[in-house]
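You will see chain A twice below: alongside chain B first, and alongside chain C after that.
Let's look at the complex of A and B:
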């Protein structure tokens, strides 16, 4: 029964991932991404990782996707801005490349004797300590004893990410003639003098106002 | 009905390839970031499958693979936060989210 559910949710998650990648509207893509994350969390449950299944729903479906939706709605892109012009040659090339990647991975998986001789993953675990390996208690123990260093480093990583996100999204005062400009903004103003981006910007702004 | 490790790994490989296809074909930066999340999830799925497969009495650290997945999750969250704020900064400056139009470094 577990294996059957896994097969169904596996096929559905591939379909959901394909829909995320191909939808034109990013909002539709995000909704399919929710479906994809929920299906993957179901797979985690069957593979005896209940804690990860909950964390998947909380962190991915709850936090990261809300962030995506929030940014999409903040940008409020118009139909014209969403239009993409990917050539058929490029799509075909990317299709061949990713199919080739899948073929290569599949070949590697199929020729490995370790993978071939592995038993049933949906079977119940006999040892009671091993059966608890995916539960909150065991993961907490491992996280704060064996993997304490990695845990501390990941907290530093998240701190840096928070600082970076705040710095990048902070509104800075537009002082175009100030002498304390960084070299990057200097380059930008040079380019605007070269009339590369400025007319397109103006046209787009007029279109938005109209 | 049995569930083989081979099927889990094939599933993971298929999802990863779909993510690669998305990164290669789409030019909307939001969708590219979503494809990256799909690829990270594919890797997580294979990690969990391996962790379940090697859950024997000889395993010294049975929760290890799942701790690894939590680390990947932390990196994914950090990546999404920084990536989306870069996207916002880029949109503020150039009024576009199209990866093809952001070509300041192009010679």
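Let's look at the complex of A and C:
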């Protein structure tokens, strides 16, 4: 049963991933990316890791891709802009890079002793300790004890990214808005909230694109 | 007989789904009747006794309406939009226990499952808005995605403090933990309750946070271009999502299916528990409708201010306080 699900989801996720790259329209690409994430979370479920499966969908499909889509829809590229294809050298470079990464990963996975001992890649997880390892409690324990240092470091990394984003928006506001506009009381706070406000941002982006 | 448990699962799934689907038309009717009552009007009372057949008449009208697809619309996505907004809301109900030991799947990550499913519903709205090839629809879709992302954070943070007190992410275990009246999470986590409920209104695009479909600015928002049963599907999705969120409020904070004291064993207790759950669900749904017809709409910047500058910091402070209390409690015990 597990192997059956794995083969189906595996084939479908490869197809979805290929479609993400080949779609001309980025909105269509995003849909296939959502589908891809859903299929990968199915793999986590087969591996008895429900927490990872849910978090995969919640974080990537439910949050990050929504923001992707938000930006893509705001840009709302016209068909002429979409038709402009990237240069062949760029495509070749990307192709070589991804082929190299694919080779490196498969070499690493096939060499790993755990995989070799498992024999069948699609074999179900039988060991009771392994089956428990995917549950919320086990992951929480591991994150806050064994991997506490890495956990804290990644939180610092995210904090730095947040600070960077705030700094960039502050800087842009000073240079882009006219002085007469900012001096008006009340308008200032609306501008600030307008970071997420579709019409204001859309108009600004459209101006920049024109 | 290996088939019988699967058959039982299927029966349970169909029953719960059918119950939710049956609830929707009555909810729509209740909304119209209650709004009429609040605004001192008569409301729909012509079709059937007390207007009870009004939803049926509405559905017949929607089914026979002409489908109009706007020119230069993305046809596939345009049709997919309503479905993508309905399916996640319907799936989410699978993890919610509607009575003692009565749920479609008892997931170990039930809370996260429901939140994930409801967060996927935003795709239906934003794809529909984008595919309509209409700027009002697009703005509605964009507003919706920004709003849902913002309020999901507050909602998630409120949930963390609840999970910290109950010590579980399984909805059935959270329900079991609230059998006695004083253990209801509304008393143990009042701040989280307020934050979660507020965010639930925003997640469902309900007034006072219905900016994605605000008529005075956006015509009809993301579904401006939709007609017929496709519009009906969006309508259905909105109400199912509302039922799911109300069920979550009941399960997480209002003691789930428990009346506040221990229920008798066996079938009688189960039946009573379903009744209690339904009663609480209706009470929360009534509150939803009551708020809609009482409060005016927020302005967009006020919405963002409330989400990011009030609810998120409040929820974070609540987590810190909960952490301290839980640690002291564990040390005392």
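Heads up, the rule we're going with is that the second predicted complex is superposed on the first by the 124 of 210 C-alpha atoms of A that agree within 3 Å, B and C clash if a C-alpha of one lies under 4 Å from a C-alpha of the other, contacts with A are read in each partner's own complex, and residues count from 1 in each chain.
Rule of thumb we're sticking to: contacts are C-beta pairs under 8 Å (C-beta built on N, C-alpha and C of every residue); 3 or more make two chains touch, one makes a residue touch a chain.
As the structure is a computational prediction, the values presented were derived from the model and not from experiment.
If you count the residues of chain A touched by chain B and by chain C, you find the higher number for B. Residue contacts after overlaying the shared chain place A:67 against chain B and chain C alike. In the overlay built on the shared chain, the residue A:101 is in contact with chain B alone; chain C does not reach it.
Once chain A of one complex is fitted onto chain A of the other, the partner contacts of A:90 are limited to chain B, with no touch recorded for chain C.
In the superposed model, A:54 makes contact with chain C only, not with chain B.
In the superposition on chain A, A:17 contacts chain B only, with no contact to chain C.
Contacts of A:3 after superposition: chain B is touched, whereas chain C is not reached. By the touch criterion defined above, A:136 lies against chain C but remains apart from chain B after alignment on the C-alpha atoms of chain A. Of the two partner chains, chain B is the only one that A:37 touches; chain C does not reach it.
On chain A, the surface touched by chain B in one complex and the surface touched by chain C in the other have residues 51, 55, 63, 67, 74, 197 in common.
Of all residues in chain A, those touching chain B in their complex are 1-4, 6-7, 10, 13-14, 17-18, 20-21, 26, 29-30, 33, 36-37, 40, 43-44, 46-49, 51-52, 55-56, 59-60, 63-64, 67-68, 71-72, 74-75, 77, 81-82, 84-86, 90-91, 93-95, 97-99, 101-102, 105-106, 109-110, 115-116, 118-123, 125, 127, 129-130, 133-134, 138-139, 141-143, 146-147, 150, 154, 157-158, 160-162, 164-166, 168-169, 187-188, 191, 197, 201, 204-205. By the touch rule above, chain B contacts chain A in their complex via residues 1-11, 13-22, 24-28, 30-31, 33-35, 37-38, 41, 44-45, 48-49, 51-53, 55-57, 59, 61-64, 66-67, 69-71, 73-82, 84-89, 91, 93-98, 104.
Remark: chain C residues 74, 77, 107-109, 112-113, 115-116, 119-120, 122-123, 126-127, 129-130, 138-139, 141-143, 145-146, 148-150, 152, 169, 300-301, 304-305 touch chain A in the complex.
Interface residues of chain A facing chain C in the complex, by the touch rule stated above, are 27-28, 31, 34, 50-51, 54-55, 57-58, 61-63, 66-67, 69-70, 73-74, 76, 135-136, 189-190, 192-194, 196-199, 202.
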